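Following this line, the structures themselves.
In the two complexes below, subunit A is the common chain; its partner is subunit B in one and subunit C in the other.
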Partner chain A sequence: MAQYYDIDDILADEELVPAVFLEAINGVGLFESNDTNRVEPRSKVELPFWLARELHLRQAASVSMPPCFNKKTREEIGADGAHVDLRTRCSYFYELGCKIVQLIGDKTIGSLLLVAFQTRYKEVLIKAHTAASALTPKFLSLLTKEEIKLYDAAKSSTAAFRNWRMGGPRFQKASVLGRKRKPIGEKNMHFCLPALWRIGYRLGCS
Partner chain B sequence: MYGRKACQLVKEFVSSDSGQLIVFNNDLFAQVIEECDGHLLQLQALLRKMQVEGSDNQTTKNADHFGALVHHLSLVRNKRCLMAYVHNRAEVIQNLGWTIERVLPEEIEEKLSSSEKEYFKNHSATLQSYMSDLDLDLAVDMVPPKDPYIKVRVLEEIGNVVLSDQLANLALHAILFLRRTDAEQYISQVFL
Partner chain C sequence: MSGQSDPRGSTFSAAELEFLAEDETMEIVPNLSMERLSLISGDFGPFRPQIATQVPIWLAVALKKRGKCTIRPPDWMSVEKLTQVLEAERDSASSFEALPFHYVEISRLLFDHARDDIPDVYMVRSLIEDIKDVRFHKIGTGLEKLSSRTYAMKLNLSAMEVNVIRPFVTGGLETFYKLGNPEMIQESERQEFRRPQAADRGPRRELRR
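Moving on, here comes the complex of A and B:
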């Protein structure tokens, strides 16, 4: 299992999904409210995804669509995907979507995720490349975990690009002093490209 | 809800900046293990009950079977959270072995559990012995330098010293062109 130690994967599995029990379950104190330690069939509950998936696969429970993929959210994403607050709905929106589609045969989730990501991706990059950091906290609070990572990567690539255009730092840092800093990951380099294009565009040489 | 505490542990790890550690949460860690013990007891009790009733765990799908299943899944989940917590911390500690020398600074050391301290000690010892086998300090210049020479300014009077390629007079405020490897030891002592 390649992702066994993946922290994000673990946390994405913790998201609650609504489920209905199809079988009775004995000896389980899942809910504080009942003292009998027994779950009756047809009881509706919210289970963390890791539990819901296994029970669903064994026909002990049936998972239904989590509220973050409901009609209202879909309409909002359709209207203006970039300004929908996905974090409060589900901070692992995309990951959970990819996982849940394997359980529920709802084909529309795929296109929903794609549309949401496309519109938001553009906005995230534009904000990361241009906006002053004082303006962004409000915008950042709308993003899911994955988008935050994207934003940080874009931000650091802008910084690296500016640094490069200025001709690098005037003083070199002694490597013994600078060793605590982590080297910038290779993946960040990809985000330099949009920045280059936009600057080329502004100068009218696109 | 099952698995909640283990998840808290993982969240706590996430809340620290990447590459930084926060104090090893012995308390919560022990609580999760306790929860696991509880699951195991209940799992065994349910399996025994099924045996007494004479039903086969593989074929019958009754309420007890699903109860045992839930406990089993919770155990697996808790295990994964604990493993991920320890594993990801161990990775950070491994990286420390590359960036700082054999002895941990106190402010980091107090954040580690005893087995993590042991791990760091053994890991850096392995690194050191590998480097001495190679006769090469691998931790130097993780980013390749552009020029073997650097320009430095002397901050404190040192006087004449013999360097690997020249005899230099490190007088106060003198600006010199030194070999990077020579300069480094003075820079780390804030002489240059």
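Moving on, here comes the complex of A and C:
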């Protein structure tokens, strides 16, 4: 699943998840105040996901549910998914959710993600194709990274279409056509100008 | 085939679609005499004054600009046909009328270059605008139904319409696919969110990434 070169995938790995150490570990230096550089068993720490996963797989720590999938968030999504501020909770809500499911095997997260996306997707769809740009900043601040990407894609393609329909400069003049001929290149330019005209003819800028 | 304007090559720009649409053929009435033109896409002509002939749109537009022909607008571009289409579009909430694949681009090209050859040009123009708006609205409402169980859609969409919604739809479907993955969801919970559906859909092919 993981895309090696996907920057969002890498950034999603940076999200903090709560973990409990099962063994004492030396030399990790997680706590600045602790001069022994040692982590006691059963100490709770927030670790970035990439580290927590490795420790979990080696049974050195156990990962528990991140706070963005707690009961309160679930209830809010159930009530009105479209207006939950997922971005402040976890801007990689869906990506992290997918990764967490594979790790701790709590399958209720999967359906939570799907329901959340289903309700929020409609909101993105409507806003992206209709809303004036003045409305959007407040709405955009609720979206996760993935939803923002979707929103931007829709917004830019409709804007491009609108621009094309309204007209504007239909054909751009090739930069060679407007330039004054340089004395040295004169012979060559004589040779290639008719060719350029012919291209212009095909493009319609007679 | 993919567009050159987008770095990922996944979408076309509107100008690229217009370029592709220019290869459609269309009837012109030349007022010059010219031998048959042998082009890569086929032979066109010979051109005799007042004898109608089929040529690609780019050639028609080029001849028109020099005043060497009049363009005969295609059948679907008449007020009656377009009124019919518009009414049918408004009547049915989900199906789309069969219009030429490049109708948005062709109509824009003709409005720009051959206004005097189209009878009732203002009427035709506003009808086409209306049809386009109705269709885009329908597409928007149709997309609200997109879900993790959407595998394929068959619609009479035109090139431009597909191109406008492509980035959004592919992104949305990809996320739905990822989240609706059987690995992610227990089978029992899956049933809960399943909406009632027609039974006669037949076997479906799963969309692969």
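Operating definition for what follows: the second predicted complex is superposed on the first by the 158 of 206 C-alpha atoms of A that agree within 3 Å, B and C clash if a C-alpha of one lies under 4 Å from a C-alpha of the other, contacts with A are read in each partner's own complex, and residues count from 1 in each chain.
The criterion applied here is as follows: a residue touches a chain if its C-beta (ideal position, glycine included) is under 8 Å from a C-beta of that chain, and two chains touch if they have at least 3 such contacts.
Because the structure is predicted, anything quoted here is derived from the model rather than measured.
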Touched partner set for A:Thr88, first subunit B, second subunit C, both or neither: neither
Partner chain(s) touched by A:Ala154 [first = subunit B, second = subunit C, both, neither]: second
Partner chain(s) touched by A:Ile25 [first = subunit B, second = subunit C, both, neither]: first
Subunit B versus subunit C as contact partner of A:Asp6, first or second or both or neither: first
Subunit B residues touching subunit A - in the complex, by the definition given at the top: 1-3, 7, 10-11, 13-14, 18-19, 42, 45-46, 61-64, 66-71, 73-74, 77, 80-81, 83-84, 87-88, 99, 139-143, 145, 150, 180, 183-184, 187-188
List of subunit A residues in touch with subunit B within their complex: 4-7, 10-11, 13-14, 23-28, 30-31, 38, 48, 50-51, 54-55, 58, 60, 172, 174-177, 179-180, 182-183
Residues on subunit A engaged by subunit C in the complex (per definition of touch): 94, 98, 101-102, 107-111, 113-115, 117-118, 121-122, 125-126, 128-130, 146, 149-150, 153-154, 156-158, 160-161, 163-165, 170, 201-202, 204, 206
List of subunit C residues in touch with subunit A within their complex: 11, 13-15, 18, 58, 61-62, 65-66, 108, 112-113, 136, 140, 143-144, 146-148, 160, 163-168, 171-172, 175-176, 178-181, 183-186, 189-190, 192-193
